[in-house]
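A, B, C, D, E and F are the chain letters, set down in written order, and residue numbers restart from 1 in every chain.
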Amino acid sequence: MQMHQAKRVEIIIEAMMERRLTEALSTAGVTGYTVLPVSGGSGRSGEWSREGQVGRAGGMVAVICLVRPERVDALLEAAFAVVERHIGVVSVTDAQVIRAERF
Amino acid sequence: MQMHQAKRVEIIIEAMMERRLTEALSTAGVTGYTVLPVSGGSGRSGEWSREGQVGRAGGMVAVICLVRPERVDALLEAAFAVVERHIGVVSVTDAQVIRAERF
Amino acid sequence: MQMHQAKRVEIIIEAMMERRLTEALSTAGVTGYTVLPVSGGSGRSGEWSREGQVGRAGGMVAVICLVRPERVDALLEAAFAVVERHIGVVSVTDAQVIRAERF
Amino acid sequence: MGEILDLAAQNMISPVILSFVLGLAAAFFRSDLSFPEAVAKGMSLYLLFAIGFKGGAGDAAHGVDQRLVSALVAGVVLSVSLPLVAFALLRSMTRVSVTDAAAVAAHYGSISIVTFVAATALLASQGIAAEGYMVAVAAAMEAPAIASALWLVAWRGGGSGERMNAELAREIMLNGSIVLLVGSFVIGWITGDEGLKQIESFIVSPFKGVLCLFLLDMGLVAGRGLRSGQAALSGGAILFALIMPPLGACAGLSAALLLGLSLGGTVLMMVLAASASYIAVPAAMRVALPEANPTLSLSLSLGITFPFNLMVGIPLYLAVAAAFVAV
Amino acid sequence: MGEILDLAAQNMISPVILSFVLGLAAAFFRSDLSFPEAVAKGMSLYLLFAIGFKGGAGDAAHGVDQRLVSALVAGVVLSVSLPLVAFALLRSMTRVSVTDAAAVAAHYGSISIVTFVAATALLASQGIAAEGYMVAVAAAMEAPAIASALWLVAWRGGGSGERMNAELAREIMLNGSIVLLVGSFVIGWITGDEGLKQIESFIVSPFKGVLCLFLLDMGLVAGRGLRSGQAALSGGAILFALIMPPLGACAGLSAALLLGLSLGGTVLMMVLAASASYIAVPAAMRVALPEANPTLSLSLSLGITFPFNLMVGIPLYLAVAAAFVAV
Amino acid sequence: MGEILDLAAQNMISPVILSFVLGLAAAFFRSDLSFPEAVAKGMSLYLLFAIGFKGGAGDAAHGVDQRLVSALVAGVVLSVSLPLVAFALLRSMTRVSVTDAAAVAAHYGSISIVTFVAATALLASQGIAAEGYMVAVAAAMEAPAIASALWLVAWRGGGSGERMNAELAREIMLNGSIVLLVGSFVIGWITGDEGLKQIESFIVSPFKGVLCLFLLDMGLVAGRGLRSGQAALSGGAILFALIMPPLGACAGLSAALLLGLSLGGTVLMMVLAASASYIAVPAAMRVALPEANPTLSLSLSLGITFPFNLMVGIPLYLAVAAAFVAV
């Protein structure tokens, strides 16, 4: 099967910032992303879990974007501007995708 | 630790198609996969979120398969046959796994 | 954007073992990880789904750790000690992260 | 006329409708108010179970009369034929593709169970009884419209629509909401008044309150859908979504008169014909007609027809039915 | 005999049992009907809280008599010793490994709280009272069976079974369902009738309705489990899952007679001994005996023993108990 | 004094408080008892809807009198000014940074709706009526404290606090819990007693039972939070979390006396002023003051102030109010 180079960007960010992040991504020309729920984790600010929680604060989400390699920098700038002051982790992996016209 | 080459295939597909996809994977000889819930996203067909939704239509899931490199093509054929007419994204990443006998 | 080499370790493990795994990771010096819920899957022990389930047994979670390359071995030892006798899959991918000081 | 307006006004200021309006308003002003998916599904399971059980228990007393069968047949005929009307209307009023028109048509041939539930709540508050088996008719009307739509696509060549095969048919017929509705109807029918008494304080007393919260959620979802689906909506499509319900109601009225249903049963038949699916059909369309734009169907059925029926349609149909059926 | 059949028939056509059957049927025909995990857990938390509270409030009136302590001891003894019986049976009737046999045995020494709840519902509908503290006995019987199973594995060398260490013991004893059951029992006991009156319309009136929905979900899960677990089930194993409950019930009956429990209490003791765990023990086994096949244990306990007890066992045990205990 | 202790003791052994204590204890002993996030959110949506609706329906009878407006103004003033007090106290009693002090202060200016709900439950059990519009006051007090905190940070230069911009203000004002509370208040007000009667068996009868389960969950969350947040808590901070509530209550009392509220209304005003937010403000702080340590604020407001108010504060405030307000 014919595959195309792409980058898989995974941004783990506070749930409260989700909308701001996705708006920033859209502004940066990224149209496709997928949001996965996150049920817990640990970092410098300690351990947390969503169990029994009511508010959105204290939860995180994982946003996954597949983009063409040449677009990854614009995406990262945009993401970083949002993530910068906030709790969050951004990682980039090399990937291959089918149907390049989609990215 | 002794690691083995593998491919990590991530298929983000409409929830309605999950069963058809996993059956196609099984038929193609893929026995292991993991399904993650997806809470929202955006693409050419617009933005969506699972919040407050009742039906399965309009939701997606992420299916992750770790396979030996030589099996990835069969897997992708099978997946593509299901995804082809449907909304969805398929990406492949190089990975390493422990316990190669499992894949 | 300045990126730094890292490893992305993804451990899919029985929900019952989550606490034991994260404690082992902490002991091995891994401070950051994120836990994603898993809604179903299939493997040598058959197909499963969380739908309608009450107990934790029979469910899995995905634990994602981003670590510096030099730390990945310690992490894998620790993870393997927990996963060894249990159902579970461990994969490692090369990744790049921003803000290296965090890992 | 004054009476209709009165009833409509009274309907409008019920907690049930106002909860829906609150949801719409919250979505419109982009509040982050939202229900977890699991809670929304839980409420819909509750409503289906309760409405099915009550329908069955209500019928247990009378026994299954002949009319149940003819009502089921009438429901299936309506569900099969209304999509043809909807399709013709859509193709003449809008410029949507064959596939999209067929998908939308399937939604309008099928039914919205929560509209049905809201109608039963209004009837109850007016002290108007209805045939319990209308629940079974509702279940029977969910699926046939899908077959019509697939046939329309095959006939008009609107793309590679999956043919209705046995696997797909099974999947559609055994859709969770159909199974739960029919199943609880049968349980209610078997256990009758005795059974109802046992679980009354679960499925009867709190019913209307749950309906309020569920409609609040529906308002949120509909409002959010409208906001993001706006672009897909032409004037012609919106007009269709307002015209089709009364047309369907007329067809339902004719069927009810033919069957000789009671006033309540007539209203419910009208409501079923007038309402458009937002659970079973959207799911089936994603499998069978993936090229159809889901946003269009849902914006019309959930964003326009549903509020219309809830706020204007139901009291209107009641007023019209009252003119035809002696109490 | 006729009376037993009568009661069994009457039990079978209650909404509670029919809901379970509906779930089984829906799973069998592969309907996509399903409950979200969160809703299922929510219902189980509700049932545990309600049954615990009611048990405690029921006992508050009488004070904790001496019999509570002896009943607890009896429960623990049953929970510890029944696995030995189950293990011996399994090793002679089937060809499962030592580890698997021990894991299954742990399930049968422990208890199924929803079977217990269904039995209390049947007793209530027959107007038969029972000792409130049977809830505490239920809680006490959840865990000891696990220790027996681990000891069996260590004794028979069935693999690398984790030894019962302090950490594991704490985890098992503080299992959520045990804590909730005991905790709400204590709350009910402290606040008594006064407390019960305050939350009666939450934990008493809608109880049976929630139980219906929960059993519908259990039917779905059990049916799905049976479908996918079939392969793991030999004839011998199935036979075991049908023989073990009556055996357990006999042991429970003996204990109850020794303790001098009321008719209701006797039935509940029999039900506890006859039922098999599907929450606490499966979880503990995954940690302590990961080599054991979870599909086997669950197919037997949830797929066979649970429906058997629900539909045949409970009325049977009631009939038998009635022959031994004067009302 | 004896009377206060009596009331406090009576309060302590109500199912509502004991459920909270059970949750705390379960978390303390690291039981794995837990509620799914969706169930917790579902219960909180229910409580907000019910309390809002009942408040509105209660007021519908009286019409909106002048006092509603003055009570709203008083609430806003309290919410804006209490953070200044809290900030000053924190800066003198502890060594937390300006940003952290401001964030904590925002929590204490705002309110905890579940503390409010618990207070209404206690009042109801004592047969003490309160102004329905106190619900609207509660909603009005949620947000203003946030503005104060941001202003404090800007003034004292505690970092790069996001300025209160239109977008942020909209987001805070249209926070889901505010919208639901106000919305259901308005629905209750419009539909009045008639509406209340329709959904009474959903929002009134089971209310206290749901509150028990919700407080059980709050106990679990608070206990877990305390366990992991311990490290962040200095003695001074803990002292602050115990002193601030009575201080706030005094301010609330003064306002209530000025307004001439009834005994029930006075208690509720004291409770609002004394309680600290754990939903709306934490969320806003993550957006506007991300540098603030969320663990500190939550440990104080949910881990210390909330249990204090629940167990000691509410009966204390009632006793004090009773000394000032003639019934």
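FYI, contacts are C-beta pairs under 8 Å (C-beta built on N, C-alpha and C of every residue); 3 or more make two chains touch, one makes a residue touch a chain.
This structure is a prediction, so every number in the text was calculated from the model and none was measured.
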Report summary line: The chains touching both chain A and chain B are C
Report summary line: For chain A and chain D, the contact-path distance works out to 2
Query raised in the report: What whole-number Å value describes the gap between the mean CA coordinates of chain B and chain F?
Result: 45
Report summary line: Whole-Å distance, C-alpha centre of chain C to that of chain F, is 38
Query raised in the report: If you average the CA atoms of chain B and of chain C, how far apart do the two points sit, in angstrom?
Result: 18
Query - Where chain A touches two or more other chains, by residue - result: 36-37, 47, 49, 56, 93-94
Query raised in the report: Touching two or more other chains, which residues of chain D qualify?
Result: 32, 34-39, 41-42, 201, 205-206
Query - Contacting chain pairs - touch in the sense defined above - result: A-B, A-C, A-F, B-C, B-D, C-E, D-E, D-F, E-F
**Report entry** Parts of chain C lying in touch with chain B, wherever the complex brings them together
**Finding:** 10, 12, 36-44, 47, 49, 60, 62, 73, 76-77, 80, 89-94
Report summary line: chain F residues touching chain E in their complex are 13-15, 18-19, 22, 25-26, 29-39, 42, 125, 201, 205-210, 212-213, 216
Query raised in the report: In the complex formed with chain D, which residues of chain B make contact?
Result: 14, 16-17, 20, 45-58, 85-87
Query raised in the report: chain F touches which residues of chain E in the complex?
Result: 36-39, 41-42, 45-46, 49, 53, 170-171, 174-177, 179-180, 183-184, 186-188, 190-191, 195, 198-199, 201-203, 205-206
Report task. In the complex, go through chain B and note every residue touching chain C. Result -> 1, 3, 6, 8, 22, 26, 31-37, 61, 64, 66, 93-99, 102
